[in-house]
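Take a look at the following structure, please.
Order of writing sets the chain letters: A, B, C and D. Residues in each chain are counted from 1.
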Amino acid sequence: MGKTASAVVGAPIEGRSPSRMAWDRLKNDRTAKISAITVGFIFLLALAAPIFTWIIHTTPDQFHPETLDPTFGTNPVGKLGGISSQHWFGVEPRTGRDVFLRFAYGARTSLSIALSATALATIIGVLVGLISGFFGKTVDLVLTRTMEIILAFPSILFALAITPVLENALEGWGVPTGNATRIPVMIVVLSMFGWPYIARIVRGQVISLREKEFVEAARSIGASRTHLVFKEILPNLWAPILVTVALNIPTMITSEAALTFLGAGVIDPTSDWGAMLLASVPFYSVDPTYTFIPGFGLFILVLAFNLLGDSVRDALDPRSSR
Amino acid sequence: MLKYTLRRIVSGTLVLGIVSAIVFSIFYILPSDPARLACGKSCTPDLVARIQVALELDQSLPVQYGRFIKGIFVGRTYLANTDAARECGAPCLGYSYQTDQPVTLLLMDRLPATLSIAVGASILWLLIGLSSGILSALRRGTWIDRTSQGFALAAASLQIYFVGLILQFIFVDKLAWLPMPGYTSPFDYPLDWAKQMVLPWVTLAFLLSAIYSRLTRSGMIETMGEDFVRTARAKGLSSRDINIKHVLRAAMTPIVTVFGLDLGSLLGGAVITEYVFNIPGLGKLATEAVTNLDLPVVTGTVLFAAFFIITANIVVDLLYSVLDPKVRLS
Amino acid sequence: MSAFLEVKNLSVVFPTDDGRVQAVDSLSFSVEKGKTLGIVGESGSGKSVTSLAILGLQKGTRAEVTGEIWVDGKEIVSATESEVRKLRGKAMSMIFQDALAALHPYYTVGHQIAEAYLVHNNVSKKQAFARAIEMLDRVGIPEPQKRVNDYPHQFSGGMRQRAMIAMALSCNPSLLIADEPTTALDVTVQAQILELLRDLQKEFGTAIILITHDLGVVAETADDILLMYAGKQIEYGTVRDVLQVPQHPYAWGLLTSIPRLTGDPNLPLTAIQGAPPSMISVPSGCAFHPRCNYVEKADVCATRVPELVAIESGKSHSVRCHMDSELRQRIFSTQVKPQL
Amino acid sequence: MSLKKKAIAVVGAAALASATLLSVNAASAATTTFTTPVAPIKGAVKGGTVTILAQGDFEHLDPARNYVGGTLDFYRLFTRTLTQYRTVNGKTDLVPDVAADLGTTKDGGKTWTFKLRTNLKYEDGNKITCADMKYGVMRSYNDDILDGGPTYAKDFLANPTDYKGAYTEPGKDLPSVICSPKGDAITFKLAIPVPYFPYVTTFGAFSPIQKAKDTKQNYELRPISSGPYKIESYSRGKELVLVRNSQWDPKTDPVRWNYPDEYHVIMGADQNVIEQSLISDSGNAKTSVSFDTNIITNLSKVLNVAKYKDRLFNFDSAYNRYYAINVDTVKDLNVRKAIQCAVDFKSILLAAGGTSAGSYANSTIPKSIKAAYRNFNVCGRDVSKKPEAQIDQAKAFLAKATNPKTTLRLAYRDRGVEPLRAAALEQSLKAAGFTVIMDKYPSSDFYAPAAKRGAANEPDIIQTSWAFDWAAASGIVYALFDARTMTPEDAKSNQSRGDFADLQKLFAKADTSATAAQEKILGDIEQSLIVDKAAHVSVYFETSHYMAGSKVGGLQVDGGYSTLSVLGAYVKK
C-alpha cells in the first residue's frame, strides 16, 4: 500500500477512488492509529493467552492458595492485589487464580462473543434492510414494524430475563446447560437487539439508491431482483455498513459485559471481563485492584473501538467530522 | 393535532399489545416447566401443583393470554374457590407466589426508588451535558472544547458498574463523605435520601452527560452551519440571541427526542445502576426476580418497562410535533 | 463623494486540510447609492464569498480576509464583530439564495421579520410586528395580516423569497446584496421579484449587489458588471461596455452560449469547453487558460497571472488577460461579434 | 427408631437451621427451674428504635414453620414457647417460658408433664390456654401446608390413631397431648424415651395458637403475639415493624426484655451493602444490627481492630462443611482414601474466607461435644496443622486401588461461595490424578436429587453441610451415618450411603445405651467412618462475625441458637 500511495503524491487529488481517499485519511489520523494499535494489542493479548500460561507456568483456573492471607482468604498477600513477578496483575481473592491470565482469557471470551454477536446482527440487519428497502410496500411495512417492536423492548432487562428461560427451554429439549449453551444463547440475545439499528440504516440507504440511474439502467436491461440487490445495490453500501459495524462493536462489548455482570453471562470458571467485574464487587473495598483491572481493560477497549469507529466514520464521510 | 395524538396513542397501544403477547408467549410457553419457574427457589411440589392450576397451563395459549389481558383491566383471582385464593386487583400483571403478592403491588413498591434515580440523574446529566456541549460548541477548537470533549469521549466509554464501584470506593470507603448508597423515602428522611442518592445520580449523570455533551455540541455545530443562522447574523442579531434563539432552539429538538427515550427506558428500571448501588428499584426487582426465577415478576417488570419505553416514544413524538411546526402542521 | 460601497483588493483565503484555498483574490469594485452591480460567475467563482465578506460574516471563522471594504465610510475588514453587527441588517442587508434554508423553520415569517426590525429600532414588539405586516404587504404577499403567522414551509417558493426581501428591507438598508435571489424560482416569479427589487430601489435609493450566474438578469437590472472566474475579477465595467464590447474570452464564451432572439438563427450555440476549476487546484497562470480558445502565448498564459488593465483610461472597464488589446479587438469583431 | 424421620425432615432445612446448645447446660438442667423474671441488663435504657438489616425476608414467621437461626431468636419477641433459652451475661440456660417448670418425667423420658403459667395473655387480650398449646402442636402435623419447620413434635409424639393434622382432620383429637382438667399442666406421651425433650419444646410447634385466629398458611403474615412486641406492619420482602404489646407482663417472662419502643426489620439489601453500612456506622446504621449477615468480605478490615472491637461479635457457628464420599459408586476403599488425601483443606477454607471464617475440623462432631469428640488424624496428619492436600499419598492410594475409579462426579450447590469451594476441591483432585465432572445443582433443588440412589448422574462426592439442633452426637451421627435412614432409592441425609455391617451393629448398641455411653459409641462410629471407611471428610466449622451499630447495646451471643440475640437490644443514649 505504501508504495502505491507514494506514487500518487503529486497526482491530482481527483484521481483517487473514494475508498482510497478514505484509507488515506484514516492513515493520516493519529487517533485512528493509536486506537487501532490498542485494539490490535488487546486482540494479540487474547490470541496469545495460551502462550502466557506457558510463560507463567499456571492456568487461568489454577488456584494458588499460597498467594492468599491464610487468615483472610479475601486478601491476596502483598500490595495492590498481590501483584508480583509471578502474578503480573495480582491474584483473585478467595482462590488465588492469576488475574493476568484471567484477564487475557477474559479478553478472548468477551471479544469473541461481542464480535460474533456483531457479525450475526450485521448479517441479519443488512439482509432485512436490503429486503425492506428494496421491496417496499407490505414487506417493508411488516419489517419496519418488527424493528419498531423490537426497539420497544427494554433490551438489557429482556436479555437478562430471557436467558434463564431460553436455557430452561433448551434444557427441556435435552440440551445440557453450561457455557456451551450459554454463550450461543448470549450471542443470539445480543444480536436480536442489535440488528434493527443496522437494518434501519441499510434500509434508508437502499431506498435512496433504489431510484438511482445505475439501478434504473440495470433494471431496464432486465436484471433480476437478486442481481439488483446483491450486485448493484449492496456494493454501494459498504461504507455505511462499515461505519455501523465499527460503532456497533463497542456497544456489543459493553452489552455483553453488562449481561455477564448482571449474572446472565459466561459461567465460572470460564473467564470474561464482565464476569471478573461481577466477581470483584464484594472485594472492591478490600482489593480495589481486582475491580480496577477488568474495569479499566473494558474502558480502554471500548474507548479504542469508539475512537476507531469515529475515525472510520470521519474517513468515509468527511463532512460529518468536526 | 388531536387526531395525530389519538393515532399515536392507538398505535402505541397496539405495539404494547404485541410486545405483551410476545413476552407472554416467551415466558409462559417457551420454558419446559413454567410452573416450576414461577414457583422459584423455595418451592414445594405442592406449590408447583397449585401454580400449575393458577397459571391455567392446561388452557390453550390464547385463552391464557386473554385472561391475562382481562386481568390487567378488571383484575383477577388466582386459585379462586380454594383456601389459597389470591386476589389480584386491576391492573393485575400476575401474581408472585414467591413473595405472595400481586406483581402490580411489587412494581408500585419499587417505582419510587427508580423514579428517584431517574429524575435526579436526568436533571443532573441534562445540566452537565447541555452546558458542556454548548460551551464546547461555542468555544470550538479551544482547550475548553478539547478537554470537555475528551472527557465526554472517555466517559461515554466507561461502564456504570466500573465507575460506580470506583466512586463508591473513594467517597464511601476512603473519604467517608457519603453513606452507602441505598434508598430511603424522601418524605420520611429527605436528607438521607439525597445523600444516598448522590452516587447513583452522579455516576449515571457522569456517563450519560457525556452522550448529551457530544450530541449538543455536534447539533449546535451542525446548526451553526445552517443558512438560517447566517441569515440571523446578516440581520445583525447579537451572538447571544443567535446562539440561544436560533442555534440552540433548532439543535434542541433531537436532544429532546433522545432525552425522552433515555428517560423512558430508565423509568423501566435502571438495571445496572440499581444493581451496583443496591437500590430497591424496578431494575433490582427484575434482577432479583430473574435470579429467583420468579416468572410472573419477570414478565411484569419487562412489560412495565416496555410500557414506559412506548409511552416515552409517544410523548416524544407529540413533543416533537410541538417543537417542530413542520410536523405539527402537516 | 466616494461610492457608498468601495471594495479594494479584497482577498479571502480558507485554510483547509488539503491546503489553502484562495476563494477571492484581489477584488476591487464600488457601488453607488441607487445603483446596481451585477456580479457574474460560475458556481465556485467566489461570488458568494465576496458578499459574505462585505457583510463581515466571515469574522470568527477560519477564513482569512484581507484588503479593504468601505461601507458608508466605515471599514469592515478591520472592524470588530460588534461594530459590523450594528451595520448588518440596517446599513446593509442580504437576500440569500435558498429562502427555505435561510429562514428558521421553527419561527413564523412575521417573527423573523419583526426580529430584524427590533434589533435596530427601539420599538415595541407590537410595532415590530406591524412593521412585518407592512413589509409583507410591500413585497406583495396577499393577506399579510394572516400570512404573517405562517411558518416558512407554509409559503410557496416565490413568497418565501419575497419574505426574505421584506426581512432584508425592513430597516431600509442602503446596501442590499441579493445572492441569486431568483435562481430557484420559475420565470414569471423571477420577473416579478426582479421588478420588485427595482421598484424598491427606486423608492429607497438602495445600492444593490446582484449576484447571479445569469447574464440575462444582469443585463436587465444592473448598471455595472463584475465578471468573476476562480476567485478573480476578470472583467469589470458598465453593463453597456461589458455586454457590448466584452474583452475577456470567458465573457465571449458566456455571451455566445446564450440563445438570442435576434441575429442569425442558424448560428450554432457554442458552449465553453471544459469544467469550472476546483478551488482546491486552481490552474496556474491565467486560471482560465485550460479552457481558453485563444491562448496565443501558451507559456505566459500557463505561468503568469495576468494583470487587471483598464481598456480605456478614465473608464472603469477593465480586464485581466494576456492578449494585447489589438488582438482582442480583432478576435472580438471577427469571431465573437457575429455570433451575438 | 423414629429419629430417622427427623433426619429426613431436617435435610431440606439443615443449611438454614442453626440451633445449637454449645454452651447450654446439659439435659440435667431440666431439674432446675428458672421461673423468675429475667434480670435487667446493666446500663440499658428504654426507648428508641432498633433496626435490623436483613438480606431477605424471613422464610417463615409462623412459629411452626420457623427453623432459621436468626429468625428463631427474633421471633421470640412476639412468640412464647413451652420452654426457651435465656442468655444472661454470656451464659445460656434452658428455662420454662409458657411452662412454669422445665417438665418432669417419671418413666425415663417417655412421658413428660409441664406445669403451665396461667396468667399469660395474647396481644388481643385473650388468655393463653393449654388448649391453645395443644392446638399449636396439632396444626404442626400439617407440615404439608405449614412446611419448612422442624418436625420434632410429629416425630417424637406417640401417634396410635395415625393423626394427620388439624387442617386435614379438623374433628379429630391428638390423644398423646393431654391438658390437665384445670388447664394448668400439659402432658406429652412420646413414642420413645427422649431425655432431652425439654430442649425440643423450645421449637415453635410448642407455642400457643388460637384456633379461631389460625389463618393456616397465611398465619405467618400476622402471627398473634404472646411476647413483649407485636407486629404493626409487615410488607413482605421489604419491612417489618414491631411495636410494644401492652398485654405482655414482664413479671411473667424469664427470657425477654423490652427496651426499644420499636424494632424495624429492613429487608432486601445485599450482603456486601449490609457489611459496608454496619462498618461505616453512619446514620441509621448506628442503631442497626443484622442477624443474617456474617461479615465475610470486609472481615480483614474489622477483625482485631480496636475501633470495632465493641461492636463485632465473633463466635463459633454450628455449621460444619463436609464432603460425603458415595460408597455406592466409589466402591474401592483405596480410591476413597485417595480422595480423602486429595482434599485440600487450605484452599477450600480460603475460598470461604480463610481461618478467620472457619476452623479446620477432622470431625463433624465438634470438640465441644466432649463425650463424643475424637482427636484422630485424617490421611495420616493433623488437619489443623497440615491443611494442604496430601497429593503424594493420594496418588499412592490410587495406585493401590484394585478397582480404580478415576472419573469423579462432584455435586455442589450454586449458592454463595459453594462453587468456589467445589472448584478448589476439583483442583486438588485433578492434581492427584482424578478427572472431575463438576455437577452444579440449583440452589433450590440440591439435597433431594443429590441423595437419589442409582440415578444416572449419581454423584461420587457431595459437598454439603450440617448444623445440629442440639449439642450431642445423637443430633449428628444418627442423621448422617445411619444406614437405616436410607431407602434403596433415597440416601436421605446419609449422603455417603454408608451401610457397613460393623457400624450398624454399633448403632444398634447405641440405641439401647444410656446417654453418656450412647455418645461415646456414636463418636466411635464417626471416627471409623472417616478413618477406616474413608466415606466422609469434614473440612471446617464456620466462625460467625456479626456486627452492630455503635448505638446498639445489650446484644449478646445466644447459646441456644448460636446467633447474635436481639432480645436484650437497647438504643444507647
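Here is the rule we go by: a contact is a pair of C-beta atoms (placed from the backbone, for glycine too) under 8 Å apart; a residue touches a chain by one contact, two chains touch by 3 or more.
The structure displayed is predicted, hence computed values, not measured ones.
Note on interfaces A-B and A-D: more C-beta pairs are in contact across A-B. Compare each chain's C-alpha centroid with the centroid of every protein C-alpha atom shown, and the nearest one belongs to B. Work out the mean CA point of chain A and of chain C, and you get 53 Å between them. The centroid of the Cα atoms in chain A and the matching centroid in chain B are 24 Å apart. Between chain C and chain D the centroid-to-centroid distance comes to 95 Å (mean Cα coordinates, whole Å). Mean C-alpha positions place chain A and chain D at a centre distance of 49 Å.
Residues of chain D in contact with at least two other chains: 272, 276.
Counting partners per residue, chain A has 281, 285 as the residues that reach two or more other chains. Residues 148-149, 152-154, 156-158, 160-166, 168-169, 171-173, 250, 254, 257-258, 261-264, 277, 280-281, 284-285, 288, 291-292, 295-296, 298-299, 302-303, 306-307, 322 of chain A are the ones that touch chain B when the two sit in their complex. Of all the residues in chain B, the ones that touch chain C in their complex are 226-228, 230-239, 246, 249-250, 323-326, 329. Within the complex, the chain A residues that touch chain D are 61-63, 65, 68-75, 93-96, 268-269, 281-283, 285-286. Contact residues of chain B toward chain D in the complex are 40-44, 46, 83-84, 99-101, 106, 109, 172-173, 176, 179-180, 182, 184, 192, 195, 278, 280. Looking at the complex, you find that chain B touches chain A at residues 15-16, 18-19, 22-23, 26-27, 30-33, 37, 153-154, 156-159, 161-162, 165-166, 168-169, 173, 221, 265, 268-269, 271-272, 275-276, 283, 286-287, 289-291, 293, 295, 298, 301-302, 305-306, 308-310, 313.
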